[in-house]
Amino acid sequence: MVYSYYPGCTLKTKAKDLDKGARRAAEALGIVMEELPEWQCCGGVYPMGKDEIATKLSSVRALVAAKEKKQDLLTLCSACHHVLKRVNNDMATNEDIRNKANAYMELEEPYAGETRVIHYLEMLRDVVGFDKLKEAVTNPLTGRKIGAYYGCLLLRPSKTLQFDNPENPTIIEDFIRAIGAEPVVYAYRNECCGGYVTLENKDLARSKVANIVESAKEGGAECLITACPLCMYNLSNNNAAGDLPVYYFTELLCEALGLDKEGN
Amino acid sequence: MENLEIARELERISGVNPRKCMKCGKCSGTCPAYDKMEYHPHQFVSMVETGRIEKLLESESLFTCLSCFACVERCPRGVEPANIIEAVRLMKIRPQNENHLHAEQIPELLDENLPQQAIVSAFRKYKK
Amino acid sequence: MQRIGVFVCWCGSNIAATVDVNAVTETLAKEPGVVYATNYQYMCSESGQNLIKDAIRDQKLTGVVICSCSPRMHEATFRKAAASAGLNPYLVEIANIREQCSWIHKNKEEATEKAIILGRTAIAKVQLNAPLIAGESPVVKRALVIGGGIAGIQTALDIAEAGFEVDIVEKKPTVGGKMTQIDKTFPTLDCSACILTPKMVEVAQNDNIKIYSYSEVEAVKGFVGNFTVSIRKKARYVKEDICTGCGLCTEKCPQKNVPNEFNLGLDTRRAIYIPFAQAVPKVATIDPNYCTKLNTGKCGVCEKICTAGAIDYTQKDEIVEQQYGAIVVATGYNPIKLDNFEEYAYSQSPDVVTSLEFERLMNAAGPTGGVLLRPSDKTHPHTIVFVQCVGSRDVSGCGKPYCSKICCMYTAKHAMLCREKYPDTEVYVFYIDVRTPGKNFDEFYRRAVEEYNVHYIKGMVGKVAPSGGKLKVQASDLLNNEQLHIDADMVVLAAAIEPDKSARPLATMLTASMDTNDFFTEAHPKLRPVESPTAGIYLSGCCQGPKDIPETVSQASACAAKVIGLLAKDKLTCNPCVAHSDELMCNGCSSCANVCPYGAITYVEKEFRQPDRTMLVRRVASVNPAVCQGCGACTVACPSGAMDLFGFSNKQIMAEVDAICK
Amino acid sequence: MQEAMKARAKELLADGSVNRVAGWKIGEFSYDITPAIFETAEEIDRDFVYDDFCGANLSKYLISQSRKEGKILVFLKPCDSYSFAQLLKEHRIIRENVYIIGIECYGKADINKIREKGIDGVLGIKESGSSFVIDSIYGEATVPKMDVYAERCLVCKSKKHAVYDELIGEEGDVVPSSRFDKVAELEAMTPDERFEFWRGELSRCIRCNACRNVCPACSCENCVFDNPNSGIANKAAADSFEENMFHIIRAFHVAGRCTDCGECSRVCPQNIPLHLLNRKFIKDINEFYGEYQAGENPDEKAPLTNFTFDDCEPSIVYKRGGNQ
Amino acid sequence: MQVNDNKDFQPTIVAFCCNWCSYAGADLSGTNRLQYPANVKIIRIPCSCRLNPIFILRAFQRGADGVILCGCHPGDCHYTTGNYYARRRMSLLFSMLDYLGIEKERTRVEWVSAAEGAKFAATMNEFVDAVTKLGRNHRLEDLRCKKQ
């Protein structure tokens, strides 16, 4: 299976290792990730305004590029996933946005949301299959108690994202089981960590992080995993106690597959 | 001060019809930033409905919303309060010199681990 | 040759003051076919009616036109008068020269001219009237009640009391329905079982009532007065007539881990079971999904233990066919599934329960023996949060758009009972609105607040987070403009109620219409609230819309009154103004049947002689006059014009058009 | 194509799968193709024709034919198959008695358009790439297909069959069609202009009933216009009103059932564009109640025997379309 | 725009009213003595779905200048669904008449309940006004049906 891959800003710079690891892990599982040749930053935030067209165009370009390659568009970062998927939904269902974006892009063939956007986790669940992943694991993380942190962007709004049950998701827990560890289910795993205000309003971010970390620790989690670099930063840097390591889910995936952090 | 014209403009930008709201308060029961907000999600909806926009435009609450979409997810009437808040925020920052975040501020906010994403998204949300 | 009589009424001065009745009489007398014309002060009076009757006899009239008040007023009167003089009542037409002429015009000349045109129009129509004889169809004097909850029980009892036979079909092993699971009833707080079980016994003992328990309706044919219903009696693997209900088998059965649906899965029962002590019929039933003997062939404990020899592992489903004159739908409701409301953590914590589960936790026959204990650790809860409108008034697609109506009251009841039995508990109720229209309802709710100190908070719960044995409830308090964080021990969700899933296929079988929420629609929302638009189908209880017990019982009795009214007749007189199809013109295309709201049109293959004398089989429509209500939708849907309506035929209406436009 | 069809028809006759074949043969003139029933291989060899004049839609004949003894083979072009499917939906045809061979079709020639090109005395037509080669008593002429395709073929809506048992040739797809352009053009006129247009067209009607007789939807056992009890029976239009009446009611009776096969306009000896009435209903139905193609889906309710609670009100007519 | 034949033009209006709602509504406007022009003549039909387009054309043929259909409000039909069918039929028919160049103001559908006597009278006043402005119906009449 070959995917068009949209890495996004953070995974291309600050978190290069995560990107590399994810690719190597995918390879090990028989998945090829072909990075789009000329992707642009999605902006990190879905522009909700119905009259916001220009801010949606970078996403549309990525979607069109995948369409031209007749491939699904794979994302690794929750924020990119959220933005691309919602813009794609606009292109499919909102005539006004579609017309304006197409008029601006001057494409030969207008784009109407044909590309399927898929997150790396969905790929593991629906394409590889968690049972197959389990078979591929050479270094099961037996005995590790891991809390899944979903955050907001993967799940909500569920009508558009259609990722998992927005209030009681299971995909990361199933992933944790597949790599041989024990998931810790805690109530705040889908509560916002305040990532977007981490720059400006540290207090608010810290209080949100504290809630989550406390709830996870209470359940016995030894570490958290997440699928969003911003959440990952926020959860580790704004955790006053500083006592709960946070990993990107692919880091543990590499470990379980017997690869080092950079996937070698 | 009521300004219904602006209110209708906000409805257009947000794509939300605030009259669908049945004042149940589930959005505000849900909101993780509630305690830091002067006006809460249900108030945004109701104040846009009745055209009391000016207070909203001046409120810091605009920048306290975490865009976590929990209110959108849980609203029983499909009202999408987050979209309304975003529309008011856009209305606030779109005029010249009204940016909430300036490039000059960035260096002092940086730390070594801060992902690009944090800066990019903050610019998207708070600056035009 | 037509001989038409015209009778112009003065209605005192109501007509005569604005319409020159003499001029109308004289002008209409000259219309073709009119042999007699007269006017009189009050045509509807006895002497006025005699005038008409005499003229019919003396003048040998073939048609009568009465220029008077609205036909909605006195059409029946004049038809009766004509009939008593030997003229077919459907040969009478009324020209409405009061409501639609004299009362709306001031100018006498203008009004007189219009009255003449209206009279002429009626004459034109009556020329084409055909004598109609209302058909009759026999009534089978037995009713079927589908659903054995309180609605079905009450309807059946009332019908049986009037001396008619009633069958109840109940899909569960016992009648009683939801009310058996309820602990206390509002606003009187009397025990639900104490008022219900005597009625269940009454049903069982009434000679006129037959209960088909553990049975379902399989097929329905026929029409009002004469339905044929197939009932599937599911195999319960116990001979109903032999089982004594001693219950020994239900104690000895080795399969112990079957979720007990009577207690909503809060405890377990055996594979052979009697739902509860007061079940009617009190007969054991084997659950084929869990019985070891039925699944593996081994075991047979119940058979060995049963001294009466009632166990029969070879039993098969049985189909019974019965005739009924009327069918009552009383299929009831269920709380919705809460999969779409995981923010309340229903599936994540056993201490988050639905209101119906809470009833069981409060009930003496429930899993905790009537002591309120948390399902998780069986400890006494000290803080309880009630959440209203869970899935009600929800248009987001997760729930139901309507108000479930009963939740405000039962939540007040729960809150009050908690505070009364356990004064050390803090009880919070989160509400959007408190809706208490009903006798003594608002007083009841106020008592909960004022006397029992229940904390009513206007706002909604946003999230329930199970954490450290507590339930962290985050909610808004709109009146204080605050967000609340409550550490609760239990959360009770007032789940919306929805029609039972069996209702939709049943509606199709009955050709009874439903709304988009799968509630049955009534024949008229105000004036015929207990009847379906489909003749002979009646609605009882929550299948028609959310209702509390008093309302359900009154609707059930109203429904019974309607059924009794039908069954009391030996024959049904049908409305003769029904559709009929001309077979020679019918294409058999089904357009008419597609628009018929009553399912009155069926198709038959019939042989027709062709112009070349060969015979050809064609499919043609046939209208059942007993079912047709005469709306006429089919007459326009029919492209060939084969379908026409008695009393309002194409020709008649066109004659009226012509007369007006002349 | 013709030979393949003949061969298959004879094969099916020979093995007893069918006992008759519905097809086409030459009528009075070579371009005047007429539907025909063939019972023997000899008849097929002698008379069976399939060429670019074979526009006639055979589906209507199956109403009576399918009720006769034995099975009949019929050749249906994609647009014909929609009519067939619609009749099937209306229980007019007994499906078991019909064997359908779907045949590909890229458009049929309109003899009037050929005449307009100054070609008379037509003897035959052949395909040659993107042109037709027309044989006439004055010799051969080559014309681009696009110039002489019938209007309905130029705006063809589907090259895919709604129903068939086997295919000869390629199966195509539902294609985008500009068939409503002319309707839209009329809608954009003022009422006075529209009235003038339709008076000009309908006043030419001679009530020959050809449109009614050819229309697969107009297949009533007994037409309302022939039925003295309908109150509107008339044999010949005696007044401008009755021309209007006949065509409005005819269009209304086929509304939601008309597949837009275009036969009415093809057979009209006065060349009245009757299909524009039917298309108006189709266009309105699409706009008011959502896209609907008669004959396409056997389970879908027809628009006039269906409704939704929030259908548009008739007052929509005052608000939309046309100049004042 | 049509020019009126003369100032005293009195249009002929045929109103088809369903038996259950609109006919009762018309009665109520009488009971309340609400005036509307005598040009309006009502024909009672069991349900709005009984109205065949043929009847409307017939009325125009015989010289009617306007035809209006009144029925129960959608959702309130005595026969549950009749007016929904009528609504579709009339939408399409009116659109077709407009397409043929017939003045669209000559036809109308109005939902009038049994309680809406005032609405019935107001509707009729309005409709008669509108049709009077249009003048005689020339486009869809049968000249042979006219009085000589």
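List of remarks:
Labels A, B, C, D and E are assigned to the chains in the order they are written; within every chain, residues are numbered from 1.
Everything that follows uses one rule, which is that a contact is a pair of C-beta atoms (placed from the backbone, for glycine too) under 8 Å apart; a residue touches a chain by one contact, two chains touch by 3 or more.
Values in this document were obtained by computation on a predicted structure and should not be read as measured data.
With centres taken as mean C-alpha coordinates, the chain found closest to the middle of all protein C-alpha atoms is C.
Centroid analysis (C-alpha atoms only) places A farthest from chain C.
The most distant chain from chain B, with centres taken as the mean of CA atoms, is D.
A comparison of the C-E and B-C interfaces places the larger number of contacting C-beta pairs at C-E. Centre-to-centre separation between chain B and chain E, using Cα means, comes to 52 Å.
A straight line joining the Cα centres of chain D and chain E is 36 Å long. Each chain gets one centre point, the mean of its Cα atoms, and the points for chain A and chain D are 56 Å apart. Each chain gets one centre point, the mean of its Cα atoms, and the points for chain A and chain B are 24 Å apart. Among all residues of chain D, those that touch two or more other chains are 224, 230-232, 304-306, 309. Shared interface positions of chain C, i.e. residues touching 2 or more other chains, are given as 343, 397, 463, 595, 637, 650, 654.
Contacts with at least two other chains are made by residues 53-54, 58, 81, 85, 89 of chain E. Contacting chain pairs (ordered by label): A-B, A-C, B-C, C-D, C-E, D-E.
Listed in rising order, the residues of chain C touching chain D in the complex are 516, 582, 584-591, 594-595, 603, 616-619, 637, 639-642, 644, 650-651, 654. Considering their complex, residues 53-54, 57-58, 60-61, 74-75, 81, 84-85, 87-105, 107-109, 139-144 of chain E touch chain D. Listed in rising order, the residues of chain C touching chain E in the complex are 70-72, 96, 98-101, 103-107, 110-111, 113-114, 117-118, 121, 513, 521, 523-525, 533, 577, 595, 597, 629-633, 635-637, 645, 648, 650, 653-654, 656-658, 660-662. Touching chain C in their complex are the following residues of chain D: 67, 90-92, 219-224, 227, 229-232, 253-254, 257, 301-302, 304-306, 309.
Contact residues on chain B toward chain C in their complex (touch as defined above): 20, 22-31, 34-35, 40, 42-43, 70, 73-78.
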